[in-house]
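Should a chain be cited, it is by its letter among A, B, C and D, assigned in written order, with residues numbered from 1 in that chain.
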Amino acid sequence: MDLTVKIGSLTMSNPVGTASGTFGFGEEYGELIDLSQLGAIYTKALTPEPRPGNAVPRLVETPSGILNSIGLANPGVDRFMSEKVPFLETLKTSVILNVSGSTEDDYRKVLEKTDSLSCIDGYEINISCPNVKHGGLAFGTDPRQVETLTASLRKMTDKPLILKLTPNVTDISVIAKAAEAGGADAVSCINTVRGMVIDTRKRKSVIPAGIAGLSGPAVRPVGVAATYTVSRAVSIPVIGLGGIMCADDAIQYLLAGASAVQVGTGLFVDPQLPLKVSGGISAYMNENGFEKIIDFHGFL
Amino acid sequence: MDLTVKIGSLTMSNPVGTASGTFGFGEEYGELIDLSQLGAIYTKALTPEPRPGNAVPRLVETPSGILNSIGLANPGVDRFMSEKVPFLETLKTSVILNVSGSTEDDYRKVLEKTDSLSCIDGYEINISCPNVKHGGLAFGTDPRQVETLTASLRKMTDKPLILKLTPNVTDISVIAKAAEAGGADAVSCINTVRGMVIDTRKRKSVIPAGIAGLSGPAVRPVGVAATYTVSRAVSIPVIGLGGIMCADDAIQYLLAGASAVQVGTGLFVDPQLPLKVSGGISAYMNENGFEKIIDFHGFL
Amino acid sequence: MKQFISQISDLQSVAEGYYRLDFQWLIDTVPRAGQFLTIKIGNSTSPLLRRPFAISSFDASTSTASIIFQKRGKGTELLSVMKPGDDIDILGPLGNSFSRIVSEEDESKENHIVVAGGIGTGPMLYLADELKNNGKNPLLIIGCRTRDLVPYSVLDNSINTVICTDDGSAGFKGTVVDYMRSNPGLDSNSVIYSCGPEPMLKGCQLFADETGKSSYVSLEQMMACGVGACMGCTCETRGEKQYARVCKDGPVFAGGEIKWT
Amino acid sequence: MKQFISQISDLQSVAEGYYRLDFQWLIDTVPRAGQFLTIKIGNSTSPLLRRPFAISSFDASTSTASIIFQKRGKGTELLSVMKPGDDIDILGPLGNSFSRIVSEEDESKENHIVVAGGIGTGPMLYLADELKNNGKNPLLIIGCRTRDLVPYSVLDNSINTVICTDDGSAGFKGTVVDYMRSNPGLDSNSVIYSCGPEPMLKGCQLFADETGKSSYVSLEQMMACGVGACMGCTCETRGEKQYARVCKDGPVFAGGEIKWT
């Protein structure tokens, strides 16, 4: 039985990674989970400059989900190099750097400074960020912007380039095709869903920033639907995520067409979850006589 | 204290109605809830021809939500006239007819045949339906189609015209503005969110139709965010719904900018919920010294 | 039908993974065999929907109703750990009942074969009881995979009962349909009532058709409202794309009305 | 820090709406005052996140740890009805502890004033205990709205304790800060530790600043991961838009580090 997954030139040891923003740069969870058994670590978003993040509270629980507005809090690329890279260099696990920005240039700057690092095995481009040059609408909502951005980054790196799609669009398949046309090696979906919670006592949004991002099991059906739609629109691999809380959930994504999955919010409930999920996927493959991850595809 | 709500020429006795598709044409729940205390009954979708609906199962539970694909099962406008109208005529409650179709003509046909009925107090136009003449993309995803459809229906009726928005779009405010430009008296949001659940044992979608509609508390933050966004984009009233399970949830919608709310999935859990919600809204108004529903607005 | 908060008077395991729950029936309407109720389990949003269960017995003298349920998912798991005295939120009685559907002609027949399997056992115990009280002498046939699943403790000695197990660990070895086939004594002037897994229902229907018996089935389907409003729980009936609501038009149907697939 | 499944050894109400939960501490690391753990409550997806609680006592001889919690929402409601013997899923110990943050100079001072309010009571009982075991003679000041909220049953007689109630129904009438202000005897060479509602923390900080005392606070914030990975639980610190993670850099901070708003 072969659990490996190929994304561009990279081979991950198994399909289960940790979702960006929920696992930091890997260090914090190191005491709780054997990092070497992860298929991949998708890091917290990195921007050229350090970002302090948004005002608090940044989190609120919703029915079977959480709403967050962290505000891309991260140390910036320079402190990343000095503070995070030494640890990442000790890992054998695939490390995918999640990159964010407010302009195309921001993304380029991060790639420029990090492309030569051997501990970075690929990039996941977070296009849910508002593009300040285009009236603040997220990059990921406009197929032309997505294609241009992808093509521009494609020229800068041979490492796997994964475009991370937002579900907050009319037709996610159009965006996925744009990423493919721009030269992406894969797409991942979904990023968080737009949501809001109001404190009726204080009569204001619980999260000061207002509209924020919904994740967790509440949005799993949304992620599975997006994965299903996207995997029928493109021929590059799709990485599925959103609300995975057990192996069965991950298997839904694989059957929907994903080649790999990520565990995000689920980690907060059970730090061991990624390993349980990959164990459960092997067990399912065993029971069903599947040899490779590709055997999950084509049933729907 | 004044709980009434004006939508176009109609005054509803209170802001809490029952969401389309969850309350039939009012009859079935009559034994369980005092219909005269509802702000409004939004009926099941009506199409010109009878529709049997989709293959079963049509429902599956998801974390804090349900996924449905009823397929607009309804008796068609002719049987509606003979089978449902006599009951509706006995009611004092406002009745809003939810209208669906596959072409603009379908919507027109329903209005044509029903506009003279005195028991119909207004229309809610369900534009989440795929437009067969436009490649099957939902009417509600294209602002031009929405404006044209609204304008066309506007000419046919003086009754309140409520356009029901789908959350499955990049920018819901653009769609809301199109409805306003076409002459809508109000918009309601949200219809269900695209979702999918896969049965990993059978390796197929639980719901034969594949992608279906997610509702219930899981999507409440999505509905509140949409209501917030839409109420800032248009000056006509907004009717908020999605996942209301208690008065506090409804108050979130009102504070977000809604002038009225609907209870859908919540009815399945507690048939008395609409009355509890309107009771809770009055209590909140009392405690906070609010005189009218409009007093909820302007805090965010 | 009414929604009411009742108290659990008893909760007992009756077979491996099966429980009988007794509770106070606080409204006047007397529930009939085939009718069901829905229970809101817990007060979290997950599980969310009310869960439907058929009534398995009703004692008018003590106003006690009961259901027999199988632990299947999180809803029934939570239900199985409740305690006597705990509140439960009931909506019922729902659905049509056998008495409303069975034709007068069939009702007056001599032989009534009541076939139960798995989670269909509850309503069929009640139906057998109802038939007995109406002066009939029903034959109750219960099919189980194996002996541990037979709810011996809730069986009524005064009702003629046959146990069938797939593995022969109790009673007749074989399915309920195997049993009926191997008993040609059952004359064609019988009525078969069945509730249980779909293959069992289909088997009973086929057997009834072949041997010229009447057949009634009680169906199951995912439900949301339970009162006929949402069109979520339909089953396909004879005729081009015709659907009936299991919760309101059923759950009991004349077997011939259903489009078996 | 480790994740482990433990068993509840005791669960008692200690004041109106407050409970003390004792459980087996199954790992080697000894938890320190100020540290906390997170508990996954129930196995539904709602409540979803693990809930954080500070350790309120630790008995090495029996490997028993405890928390004191207030019933606030659905998570703590579910926790309050659990029973001895039930499993609980613990992740801990988390956070930095007072012992890691308090400077050597402050540690060596004579006077230690431990101020607790509401859900901050647990960690401060433990801190007072720790100080006592280190040979200090701490003064514990507990602020409550009213008498029924005072957790008398968990107070240690050997620790000098002052109760303050807003309504004067027990002990000193007034806030903890009122009490400190009205006792000018507290010399400036004291260290104040506080945990509780934010206004109380701010009050303690202000009082410490005014009277030249050292001040340490233990903060609370909505948490998701609890281990420093998600950046969800930050608090603003001195300096332009600087944030620290309450779960990892805290929850204990030198009061002067925090930007009070």
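The criterion applied here is as follows: a contact is a pair of C-beta atoms (placed from the backbone, for glycine too) under 8 Å apart; a residue touches a chain by one contact, two chains touch by 3 or more.
The structure presented is a predicted model; accordingly, all values stated were derived computationally and were not measured.
Participant: Specify the chain most distant from chain C by Cα centroid.
Facilitator: The most remote chain is D.
Participant: Between chain A and chain D, what is the separation of their C-alpha centroids in Å?
Facilitator: One centre to the other, that is 36 Å.
Participant: Between chain B and chain D, what's the gap in Å when you average each chain's C-alpha atoms?
Facilitator: 47
Participant: Using the average of all C-alpha atoms in each chain as its centre, how far is it in Å between chain A and chain B?
Facilitator: Spacing between the chain centres: roughly 34 Å.
Participant: Taking each residue of chain B in turn, which ones touch at least two of the other chains?
Facilitator: Those would be 63-65, 216-218, 245.
Participant: Which chain C residues reach two or more other chains?
Facilitator: Those would be 45-47.
Participant: How would one label the connectivity among the chains shown: line, ring, star, complete, or other?
Facilitator: complete
Participant: Which bits of chain A are touching chain C when the two form their complex?
Facilitator: 63-64, 217
Participant: For a test of understanding, state which residues of chain D touch chain C in their complex under the given definition.
Facilitator: 42-47, 74
Participant: Over in the complex, which chain A residues touch chain D? Could you list them?
Facilitator: Per the touch definition, chain A meets chain D at residues 21-24, 28-29, 31-32, 44, 52-53, 56-61, 63-66, 68, 70, 73, 216-218, 245, 265, 267-272.
Participant: For the complex, which residues does chain B have touching chain A?
Facilitator: Touching chain A: residues 62-65, 67, 137, 141, 168-171, 193-198, 200, 203-205, 210-211, 214, 216-222, 224-226, 228-229, 243, 245, 248, 251-252, 255-256, 284, 299-300 of chain B.
Participant: Which chain D residues qualify as touching chain B in the complex?
Facilitator: 45-46
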